[in-house]
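Shared between the two complexes below is subunit A, which pairs with subunit B and subunit C, respectively.
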Partner chain A sequence: MTIHTADAVNTADAPKSAAGTSVSPPPARRRGRHRVQGQWWVPWAFLMPALLLFLVFRYIPMVQAIGMSVENVRPYLGNEFVGLKNYETILSDPAFRDATVNTLVLAFGQTLGCLVLGFLLALLLEGQTRKLSFIRSAAFLPVVVPMAVIAELWRIMYHPTDNGFLNSIIGIVGLAPSEYINSPDSAMWSIMLMGIWRGGPYDMMIILAGLAGIDRGLYEAATVDGANRWQRILHVTLPGLRPVFSILFILAAIRGFRVFTEVYLMTNGGPNGATEVVMTLLYKLGLEQQKLGVGSAGAVLLFLATLVLTLAVQLMLRRKKDA
Partner chain B sequence: MTAGTDTALGLTESRTIVGIGVKVLLYAVVVALFAGPLLALLSGAFSEVTDPTELSIIPNRPTLENFSVAFDFGVLGYLMNSFFVVGFGLLLQVIVSVLAGYALARKKFRFSALALVAILATMMLPDEILALPLSILLADIPFLHINLMGTLAGMIVPIGAWAFSILVMTEFMKDVPLELEEAARIDGASELRVFAQIIVPLCKPAIGVIGVFGFTMIWDQYLLPLLVSTSSDTYTLPLALRTLRIEPEVTPGVVMAASLLALAPSVIVFLLFQRSFARGLTSGALKG
Partner chain C sequence: MHTKMKAAAVLGVVTLALAGCSSAAAPEGDSSGVKQDEEAVLEVWTRTTPGSPSEAATIRQVEAFMEATGYKAEVTAIFDDFEIKLAQRAGQKDLPDIVLNDVSQLGTMQSQGILREVDLKDIKNSKNMTAQALEAGKAIDGKTYGIPYSAQANALMIRSDWLANLGLEAPTDWDEMLAVAEAFTKNDPDGNGQADTYGLAVPGSTKRGYASWYFSNFLWAAGGDFITGSGDEWLPSMTTDEAIEATTWFRDLQCTAGVIQPGAPSMDTPPTNEAFESGVAGMYVTGPYMMPRFDKVLGADKYTVVPAPEGPKDASVLAEGGTVYLMAGSENEKGQTAFADWYVGEESQTYGMEGTDAFAIQLPVNEKVDISEVRDDPRWETFATAYKESGHYAPTIPSWTPVRQMSADTINALLADCSLDVEEELTKLDGKLTAELLTQGILKQ
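Entry: the complex of A and B
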């Protein structure tokens, strides 16, 4: 970005100096610019495609979701207003409550796991040499592989017999084979593990960018003061990364709330509802059972949860900044 | 510089034999952990893997049979669908983002803050939550009354505008010096000309960033194609993997061959444009 801007300045200077000597005294020039800037519709014309697409595919569906959440949706018969009944239905549904708990467990576990893994990886792979950038790229690959592919690959690796791919690897260390996604006891953490494997390297890249922003002088000062490696990380690196961690936390938590593809492909909520998350449940309610009103009520609740989380973290951050 | 103060761990500076040994070992573990499963996929795609237990990092009984079976199940058609969606989706996304970024970054106008908030707010309205109403809406697009269900267009138009791309574009365009634009206007360039001949050419690096990001994002799409597809004719390749797996004649090797085709484009794009990718990653996450 900087190189490019320097270029732009150079090319900018040439015509300006040529034009500046010949014509246009400053006031006239300003008036000329004002005229062009003054056409109020010009910016809106440039914004229109974006605003129109957002209106049609984001805002209208949102309004529709809120509308359907208070209606009994009956195709061809017309919807009837039922007030908060859909919300009552979904909130009293034990399946929804279980799915909410599962979603929270998965979101929290994955978020935390990704942050820890990302931080460890970033510490390990921080540095300038070309060899390191090669290793960083290798570690980052899972992030760009489509989730559908990851899910299929891990399904095969999670093959539950003792000669399955992962089972034969953990067998080397002497661990007992696991049922992974086939057993209600282990399905949740199996999905979580896969999510951490894919999400950790993403966090690593962001944390690396944060590490680059930490003043090298602080490390030097800490070393001179006799701090060891561990103390340096605890007292210099971690505090320096606090804003990065909070942003990653919000992003990952929101992503965790909306988790769908991996669960849908790995277990589709099974075995025995052990991995049912809010989104897979809503998908079944709305698109398989055609209970669109109840499904929409659930979607609105999910949206509110996301919103509350985002605002709460924003408030917390702001207060910390003011203090 | 004092030894060992360049990075948090100070790993890169260690010069002792033990230090280097530990370092190399740790790096090897990292590579094995993240690239290993993908290498197993690669080798599985080219090996005769008839049972999940035969998956291994080293290819055994090499064969191209998996691909030909996958093609028999129409994988090539699904791949074409994917390319169609990503091609036109990305084109639309880049056009929309460049236009919107220009207005937001280079124009002072009333309610511009409101427009920006309306765009940023969509980041909090994820597709997943809108899935149900979106599936109804796509059957009858407002104002136009067109049915996009069961069409590839239905997977393209909704992703045409993406707040992240608009944000990256806006931030970048703010850095283009104003003098350049003024000079062009003094020379009598029209609004469109300034946009198309001055601003857009200078924004090529940013277009690269949103292009690479948009590509991987659209290629990874799952829920939207799932909602829109009413038959396997419009399946994208990621979507087809699941139906492929369920086929009784399809071995894990075939699934992995198809998976390899599904992951190759985004991995290639990432490897070719790593620098753009890293820039988008940090600008998107740290400025937001």
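Entry: the complex of A and C
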């Protein structure tokens, strides 16, 4: 995060004073403070509660999942080591391949949609007045509402008869009623749309913060050079937001890989597997059918994919920065 | 300094993780090796919603057990992720003593080794149990691992006011059922001048395999089955003529006749129940446990219960029920046995059927108990007859859940996408079922 903030500051060419305070204090002062703080274990002691929680609820289960992925899991009788058999099973399962493709489609569509919607909302709602801050909060509401509530709301809106909520709206412009989540042709984009509606405002907030960091002088300079509104967005706003977009992209991609709740609540992977994503498949295999070993193997693969993606994006960004 | 710290931290994580692993892989627990204590409180888990009327009914029943036998017991109601929570306790080698869960879980639980075999000689009341219920308590090895204590079968609930408005009779076979469904859909049975009614309520979602659950009524009535065989020799059978006929007929309700409530492919039971009680759909094949709710929301005068319409073969319907499972590793095995024995006795079976809101016992498994003596509601007799004459349990194999899940996926797909070819999809399903039976080691070679 710090890298990106610093990057943002550089790109936007912000005033030197601001950069000075946010980056690092003079080395001499830092060393002095270190001595005053005393023992090396003090920061660790402060970190301990959080680290312990992470350890118990995150790292140990993760290591156990890796262990389980090479075992035939039998909670009571004791696990049997089966080598890579679970990986073979899941990789040769056509349902897993389909789910991977669906996950990628959904992740990509939602990420892109959220960025576009978030960017448009941010442009519309940028500014200082009190009314705007109220509207911004209102627009942000979907992000804080629990997913279960949203899913139920959209299920009602997606009611597939011609007097359903959304169908009666699209009926006004003469479109035929859609089946939405009840047809394999439309289920995927229906879930995507709901995800964008929910995720867009989150991106909006981050982009708004990014917009605030763009030097106003650049806009003025562009106006003086004769740039119109569109050209200003294209040549000033978008380049200024590049670091913001990259962090949003990483976050959204990771979130996209792990998408579960909305799919589980709306379609549970149906109809005809049209919305089956990796997480719903793993849930079915591991927790409903109690094939915990196979499920764990899938989860480890998902973890590796996320890891590779994150590292790749980080590397790409670093290389770009060095160049 | 920093590297050292990191190394120490990593070492800590690894040690703890290994400790976690090794405890998970502890040696096999031996049930007979556990020190016995007849005073120990029996921990009873039941798969119902905490705080619900059915939890209250179970507590009432277990309290009666304590009074009658002197053993101590405590009820815990769990609904969400019941099996997962049970697996967690299995991992800790500290299972509850008694589990009250669906009979279809028997195979899964038995193959996990968490059940104790029951010697029917110890269960004195078992001599009065119906043959059907006794059979349902057996695993593929022919040994008894559970004592079914309550039974239920599906019947057809139908809006009597709609029938009266249109001058129709309740259907007795599939052709009549289709005709009634079409009339309910097209002839405005609620008389509000709008085409907003449908024939049949169907939970067509893949969640927990609901689509397959519901469809099994029709599949069995046509003489088909998901898998056929016995012992450890099974074959998939979704491409038999009977199965194809049943699937095609059921699917045509949606794709040709259009008599199923809208949105069925994404609905599990809660929204489907609402579709029936709010007057969207006029027929619903379901169990007696829905009556208290529909009586309250819809009104008992608005619907009747009739036997499920006869299919091409017979009127087979899904039979299910609660089973007492005696869990392995208990420190009070005598108490466990007494619990199971008491639960299927005459006294407790009668006691458990009393009440109005929810019942610990739906239909008795004890032949000496006559339901009409306890309940003067004739609708219960319809269910009792359906169970006795047409009740069809799902086969007991090591794990029924994947079979139900896979068939639910196919039924759901066929309902959602009318362009799919029935035979082709069923052939695909047979392929998946073959692989699953092979995984479970029960495929007939």
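Brief remarks on what is shown
Quick note on the criterion: the second predicted complex is superposed on the first by the 277 of 323 C-alpha atoms of A that agree within 3 Å, B and C clash if a C-alpha of one lies under 4 Å from a C-alpha of the other, contacts with A are read in each partner's own complex, and residues count from 1 in each chain.
Please note the rule applied: a contact is a pair of C-beta atoms (placed from the backbone, for glycine too) under 8 Å apart; a residue touches a chain by one contact, two chains touch by 3 or more.
Quantities reported herein were computed from a predicted structural model and do not represent experimental measurements.
In the superposition on chain A, A:I247 contacts subunit B only, with no contact to subunit C. Judged by the touch definition given at the top, the superposed model places A:A209 against subunit B, while subunit C stays out of reach.
Once chain A of one complex is fitted onto chain A of the other, the partner contacts of A:G78 are limited to subunit C, with no touch recorded for subunit B.
Once the two complexes are overlaid on the shared chain, A:H159 sits against subunit B and subunit C alike. Once the two complexes are laid over each other on the shared chain, residue contacts for A:T267 go to subunit C alone; subunit B is not touched. Contact with both subunit B and subunit C is seen for A:I60 once the two complexes are overlaid on the shared chain.
Once the two structures are overlaid, the count of subunit A residues touched is higher for B than for its counterpart among subunit B and subunit C.
Of the two partner chains placed by superposition, subunit B and subunit C are both touched by A:L287. Residue contacts after overlaying the shared chain place A:W40 against subunit B and subunit C alike. Contacts of subunit A with subunit B, set against its contacts with subunit C after fitting on chain A, overlap at residues 40, 44, 51, 59-60, 64, 155, 159, 161, 163-164, 287, 292.
Of all residues in subunit A, those touching subunit C in their complex are 40, 44, 51, 55, 59-60, 63-64, 67, 74-79, 155, 158-161, 163-164, 179, 181-185, 187, 266-274, 284, 287-290, 292.
Contact residues of subunit B toward subunit A in the complex are 1-2, 4-12, 26-27, 30-31, 33-35, 37-38, 40-41, 44, 52-53, 55-56, 95-97, 99-100, 102-104, 107-110, 112, 115, 118-119, 122, 124-126, 128-137, 141-143, 157-158, 160-161, 166, 172, 175-177, 179-180, 182-187, 191, 195, 202, 205, 216, 219-220, 222-223, 227, 238-239, 241-242, 245, 252, 255-256, 259, 262-263, 266-267, 269-271, 274, 277-279, 281-282, 285-286, 288. Of all residues in subunit A, only 1, 4-5, 8-9, 11-13, 15-16, 19, 24, 29, 32-33, 36-37, 39-40, 42-44, 46-47, 49-51, 53-54, 56-62, 64-65, 68, 121, 123-129, 132, 135, 137-142, 144-149, 152-157, 159, 161, 163-165, 168, 197, 201-202, 205-206, 209-211, 214, 216, 219-220, 223-224, 229, 232-233, 236-237, 244, 247-248, 251, 254, 258, 260-261, 264-265, 279, 282-283, 286-287, 292, 295-296, 299, 302-303, 306-307, 310 touch subunit B in the complex they form.
Touching subunit A in their complex are the following residues of subunit C: 1, 5, 9, 12-14, 16-17, 20-21, 24-29, 81, 83-84, 87-88, 90-91, 93, 95, 108, 112-114, 196, 205-208, 262-266, 268, 271, 328, 399, 401-402, 405, 409, 412-413, 415-417, 420.
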